[in-house]
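The structure appears below as structure tokens.
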Amino acid sequence: MDLEPLISRMKIGSAGETGSWRNYRPVVNKELCNKCKTCFSYCPEGVISEDIEIDYRFCKGCGICKEICRQKAIEMVPE
Amino acid sequence: MDLEPLISRMKIGSAGETGSWRNYRPVVNKELCNKCKTCFSYCPEGVISEDIEIDYRFCKGCGICKEICRQKAIEMVPE
Amino acid sequence: MLLELTIYCRGGQGGVTSAKLVATAAMLKGLYAQAIPQFGPERRGATVNAYLRISDTPIRRRSSIKNPYGIVVFDRKIALNSTAKLGIINSPDPIKIAEKTYYLDATRIAEKNSLVYAGWTVLSAPMSGAIAKALDIEFHYLKEAIRMELGEKAEKSIESAREAYEVVLWT
Amino acid sequence: MLLELTIYCRGGQGGVTSAKLVATAAMLKGLYAQAIPQFGPERRGATVNAYLRISDTPIRRRSSIKNPYGIVVFDRKIALNSTAKLGIINSPDPIKIAEKTYYLDATRIAEKNSLVYAGWTVLSAPMSGAIAKALDIEFHYLKEAIRMELGEKAEKSIESAREAYEVVLWT
Amino acid sequence: MWDLQGDLQTEGYRNGSRIRVLLTSNEAIAEAVRIARPEVIAAYPITPQSPIVERLANMIARGELNASFVRVESEHSAMAVIHGAATAGARVFTATSSHGLAYMYEMCWWIAGSRLPAVMAVVTRSIGAPWNIHGDHTDIVLLRDAGWIIGMAENAQEAFDMTLQAFYVSEEVNIPFAVGIDAFTMSHTAEVVELWNPRLPERKQAYRVLPMDKFAVNAVTMGKARMKARYDLALDLENSANVIERTDKDFGNHGGLVEKYRLEDADYAVVMMGGWCGDAKDAIDALREEGYKIGLLRLRFLRPFPKKAVKELGGDVLVVDRSNSDLRGVLGIEVSACGIEARNLVAGIGGVDVGVEEFYKIFKKFVDNKIDLGWYL
Amino acid sequence: MWDLQGDLQTEGYRNGSRIRVLLTSNEAIAEAVRIARPEVIAAYPITPQSPIVERLANMIARGELNASFVRVESEHSAMAVIHGAATAGARVFTATSSHGLAYMYEMCWWIAGSRLPAVMAVVTRSIGAPWNIHGDHTDIVLLRDAGWIIGMAENAQEAFDMTLQAFYVSEEVNIPFAVGIDAFTMSHTAEVVELWNPRLPERKQAYRVLPMDKFAVNAVTMGKARMKARYDLALDLENSANVIERTDKDFGNHGGLVEKYRLEDADYAVVMMGGWCGDAKDAIDALREEGYKIGLLRLRFLRPFPKKAVKELGGDVLVVDRSNSDLRGVLGIEVSACGIEARNLVAGIGGVDVGVEEFYKIFKKFVDNKIDLGWYL
Amino acid sequence: MILPGNTSCQGCPISLAMRCLDEIENPVLVIPAGCSTVVAGLHPNSAMKIPVIHVPFASTNAVACGVKKAYDQLGIKANVIAWMGDGAADIGFATLSASAVRKDDLITIVVDNEAYMNTGTQASLSTFWKAKTTTSPKGKGDERRNLALIMIAHKADYVATATVGYIEDLRRKFRKAGEMSGFRFIHLHSPCPPGWRFPSEKTIEIARKAVASGAWALFEYHQGRLRFSPVGRRYVEKENRIPLADYLKSQGRFEHLSVEEIEELEKVIEEEWKILRKLSTD
Amino acid sequence: MILPGNTSCQGCPISLAMRCLDEIENPVLVIPAGCSTVVAGLHPNSAMKIPVIHVPFASTNAVACGVKKAYDQLGIKANVIAWMGDGAADIGFATLSASAVRKDDLITIVVDNEAYMNTGTQASLSTFWKAKTTTSPKGKGDERRNLALIMIAHKADYVATATVGYIEDLRRKFRKAGEMSGFRFIHLHSPCPPGWRFPSEKTIEIARKAVASGAWALFEYHQGRLRFSPVGRRYVEKENRIPLADYLKSQGRFEHLSVEEIEELEKVIEEEWKILRKLSTD
């Protein structure tokens, strides 16, 4: 019996490199950023690290990080 | 197409003459009865008429009428 | 040898149980047996049937019994005219309901042994005694059968069955 | 004659709609046509395909298109190397993606006509213009098709389609 | 005469009393339903059927269709709602797919046993586990014991025509009617359809229940009567073939229970049903060009099963199935049960794409005598 | 070794390591389940299946069976609970009938597709409308596409043995197993059974899901993989025949996929399944006495279908069916699909009583060549 | 609305409740599997003076909804009644809930005998905590579901509890429901002699003890307001109630309960009253 | 607990909520059909770091119950989570209700995006009154079902409402649920950009507006007591709230609403608050 059709295994990028979905790229202004980590908490994709680096391979460019940042430290730049 | 297998028609005594199920027969003592109609209201079978006559063809002998009668006007007599 | 019996009784009187007791007794005797209830809702007081098959070879058929060798009647009010070879009826007086009819006052026996539940006299034990007797099943098999079915609560039933086994008469 | 085209675009750009518009235009011209979306969840931004078949006889087949006669590319970022006869690409500059490639700046045309919804430039109208041109479908059929699909809201789209129809170039 | 509105913004391309429009089979079914004017519609979303119901919801919202649309919480309830409405005398419609059909399965039996006319579109889709939203026929064939008329269309035109015929036939014979179309390759593929507007008769049914009636329907029923009801259903279902054949000309002339494609002189016959028959026909044409005498018997109906047409098949027979029971396909079993020696290939399960090229290869193998029972994996 | 308690107050009549007791088939199944020691049981009441579950509930309450008994609100949930428990690695059991089977139908597909071992008793009963609580096989045959092993016992002994075998086979091949018995004539008929106590191996299954795992089961799966899964299931189901045949001797020696009764020299063969085969055998004996060379092929399994045994049938064949698909019986279709020319009688629907006398008449007609396709009404 | 000589057991609460349907005009009954199916008559007989549509177990409110929608479309007046047991409310709860949320214009009556009686007294979600049934041989482990309260949380247009113990109150509620429109829900306490194990003549007495002991609260909820019914109002206060044991110990299904267990049950019941009292305040 | 690069749409609330599952120890997810199925990964990939059992639409709580019962029998510790959309709660409501009454030891999380998103935004029982969906093209005619309130009426051991708009509060509730045992229910407000028709960057803003306008109440119910959550407590009082229109008008699905309709909605919402306030008193 071949189990493979029934089993799906953990994978980063289960939908591929979703960075290609982006129209806009979030860019963090390190000057303005106070490392409050709010963007880290609210990124639906979980692509912002605790030291506020964005993994552009997978960031879909939703813009939530930009909106949530009280410091206005994130800008959405057209791809 | 024969509809009969699907249709059931109204019938008194749909389960036959259920009076035969009785072990005890409720008998109304007309002396004691004040025609309050409580037994009429509570007979599950609906076999007590408004003037407190019991239809023994169908009375199953449950004894509810005897219990509910405040006048103790109904006695359960062994069949 | 295949014996088929139909039991006529009213819901609450223990017709099915009696079939089971006798069937178990037959099994203990080394025979084969079937005990069959009526298929459908059983209402207390309403007429219901049960069936019993006993054989010395495995019983394969399981359809309903149409022409029983014997009939068993728990309640005299269930009027019956049968052409069966064997009849067993709960009645203090002799009544002929089959070629050879056994009769006994099972109600009295049951009441004497206080086999009365929620106003209903349960006749399975005495009637099974009568049936066993009529079918030539030794009493000790029936006794064992009642024990298997009822466990510790069996004694009163065994007593009733024994009395029935002994007193039943035939016409 | 059976023409099969595969449309490559990103979710939200209007690839399926463009297929429908061109198919309808072909129908109005008296041809037969199929417009086929990708079968499954479409996510905004993700690469999706659509398919288009046009024929002068009824189209019976409905399996996927494996070796298209033409390919249509809505987004230059979707890199493509094809051996198709016909290519149509949204690009300000000539790029060769097929034997004969049409190109146009559909994004600019759409934006000019403010075909932008929720941050997404919808390219169905201009791209359908380019496809119609490449397939030799007269513009008035496409115009009618856009009316059928969009009703009163059709005008801006018709404009874009017309401009595309006129400006598209080929290499 | 025409009152297409809303989704059909214009009248398209007129062709006599017909108009040509580009529609998916889902949309074509919804248009047919509009014309049939059911009074009660209830359905539950499921891919790939949802667009049918959404389009109907739109028509109703726009006032183009005077029907009650009930948003239910499940398919069991969708079928229950139309069961109730049909009992009360309304013309009814629902649609489903796959797990939805499985979830309403009990009600499918009940409505058929109740002899209530009803029409359901089934957008055929694979049943899990595992999940898969694509096309095969494992769902619709499950109705074959339940006492339903089961049709499978090949294209949007036939989906439209068959849906209209479904209302007519169902109400004529008091048996529910399932109209099958393939997931996506039909349900979501837009193509040219000629719409037209037949005058369907008023709702007709063997009985209905009204407030002052004094009878019950479907009470506990003992053996003989219950068996008689089941027999009548089976018999009337068998005889519905006559109504289907007789009215075929009124509903698009698609051939009745079957379509025979290049069969007259065929030494090799393929038996199939559903949307992929179009691809098969193209493949057959190609083989014909090469001189192979091959043809297609397209089953338009699974119930009543076209036994006569199957039995008439001469030469070698290959059944290509899109559903399986065990290793065999469901059609394979049905065809063989007609006393035909048939080979059987199961293909296209879970939406596996089988097109002209594949059919060409399969049929080639068939005429070369290289297929017995197998799966096209 | 024996630990029968509670309902079995004594050890009955010992016969070596076996004891003889008087049990209904419902009770016999419950006893087999006790011996198999499932960890999770979930079931929903329905006539005539309820006594199975009540007996199990009793065993658990008395501490005789260490299982979790989940009182669910429906059959869909009953199957879902045992699906979940099986996924987590527990041995599981449920039981149902008729509408219950129809109501859990989606889950039946899911558990089979998931390749989870599980055992279900099906007390076969007619499916409405109209309501009817009596016996026929319209319910259990509905599992034939779903990927289940489907057995039908003839008597309480076989019900007991088959239930034990079911746990073994199901866990060996990773396919759920339905054990069928007839409503009332078996489920409620007490007869002599020899109980015995085989040592079943520990629970075994192809996979299970545990808290620290990092994989998903049954995610959305595209065509090829989905089709492969369905193929594997069909293939393994077909091959389960080997396991059934091989272990037949360990589970009562009932004959494997079929029982052949007086078939060796028969010119006339009857094909049937279920409890009424006992009556048929008595009728056959009577006809044999009269010199008719008639025998019975009793199908003990509908899936895997005993194709080989059917194909080996010589002479005239009559299939007596207790379920129908259209006018034909379900077994009639299956047997004919094996390339056998068979007559087909549908009988006993909705509990219509067909006994020795009736079978005698039917078989007489058969040998007199007076039956083609028909209903015994 | 039910005729004598039907198949109900002696002392059956369902038969009694069915008689009261004459308070409702133009009734059309939709009945799923359960004792009511049997009581309403076996083919070819119907015990009912009104039309009955028998339906699958889980489908009641959906079928009823379909019937009503059709009548509305066809211009026919009717009070469509989804009449079901507590078991049907279990399996059909999704359907019932959806019907309430849609505010289907029909009357739902749950005839609650606290078990699956028709299949032999198996525990339902309504079965009283610790009651013995054939699937809870040592007493049911979990508390009963409070259907009426849940229907209030659904914002049903009319919610009432009733009992066969007080027929006038029951009839009044049937009548009231019949005169209104919208989604109307009645939860009907129905002691069942064979299922609860008491003699058939005690049906009414036990029903009344349930009220007097606080085990069954009588109220109506309408237009956002909960009101206790006159007949049971004095039992809102715990001190007016009879001991719960009086109610429980008259039934075989509770024979096994210890004093401590009954105290536990009393506590749980009082918790429910607390919520009801909150809801009854303005 | 979900990995980057999954199939969720831009700005998806489900993906965000799934991240928070790391608050719960030993989780085993049971997921029925819905967006969550897709987000969790298409074969052969799983986007989740934890085990996922995909199950039929109506079966979630029952499968979860089976999983948990098996682990209990086999001596395995786990927090089994029935993770479903509002649509799965519709079709599976009987199952959910029974699970609550049985007090199954598991966590039920309803990720409520107020429609059947995965099949194309059809109205569910949770869909906000008057919201446009593909099956309510003129706005939905009936009010949303208040799942949390209904679960309170079920006496669930723990009931909480939460929102992706306040992640700390959400995480706290996940954590709390994970540390308890018994039947735990979390109703999670989840604004969905494509379904509600707003730009993907607005998910959080809209979620917060729901709270600030009173459209979404944040509370916990535990041991018979309802407590409003700190983050939303000030909106218990109507005068502290922002206008409901602020919330509604930021979404395409409410574009068509008139001022009067919004007032109607405000009234209905205030009625619900009334009940909640009653339940929060001692």
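So that you can tell them apart, the chains are marked A, B, C, D, E, F, G and H in the order they are listed, and the count of residues begins at 1 in each.
FYI, a residue touches a chain if its C-beta (ideal position, glycine included) is under 8 Å from a C-beta of that chain, and two chains touch if they have at least 3 such contacts.
Everything quoted here is computed from the prediction, not taken from an experiment.
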{"item": "Chain separated most widely from chain A, comparing mean CA positions", "value": "C"}
{"item": "Remotest chain, chain B as reference, centres from CA atoms", "value": "D"}
{"item": "Chain centre separation (chain F, chain G; CA means) in Å", "value": "38"}
{"item": "For chain B paired with chain F, centre-to-centre distance based on mean C-alpha positions, whole Å", "value": "46"}
{"item": "Centre-of-Cα separation between chain F and chain E, whole angstrom", "value": "32"}
{"item": "Centre-of-Cα separation between chain F and chain D, whole angstrom", "value": "57"}
{"item": "Multi-chain contact sites of chain B, meaning residues that touch two or more partners", "value": "4-10, 15, 18, 21, 60-61"}
{"item": "Sequence positions of chain H contacting 2 or more other chains", "value": "7-10, 37-38, 41-46, 48-49, 54, 56, 58, 90-91, 93-95, 97-98, 102, 118, 125, 199-200"}
{"item": "Overlap residues in chain C, where contacts from two or more other chains coincide", "value": "43-45, 119"}
{"item": "Chain-chain contacts as defined at top", "value": "A-D, A-E, A-F, A-H, B-C, B-E, B-F, B-G, C-F, C-G, D-E, D-H, E-F, E-G, E-H, F-G, F-H, G-H"}
{"item": "Contact set on chain H toward chain E in their complex", "value": "33, 37, 43, 54, 56-58, 87, 90-91, 93, 116, 118-120, 122-123, 125, 134-138"}
{"item": "Residues of chain H that touch chain D when the two form their complex", "value": "7-10, 38, 118, 194, 197, 199-200"}
{"item": "Residues of chain E defined as touching chain F within the complex", "value": "76, 99, 102-103, 105-106, 109-114, 126-134, 138, 141-142, 144-145, 217-231, 234-235, 237-238, 303-305, 323-328, 330, 332-334, 336-339, 341, 346, 348-353, 375, 377"}
{"item": "Chain A to chain H touching residues, read off their complex", "value": "4-5, 7-18, 21, 41-47, 55, 57-64, 66-68, 76"}
{"item": "Residue ranges of chain F in contact with chain B within the complex", "value": "129-130"}
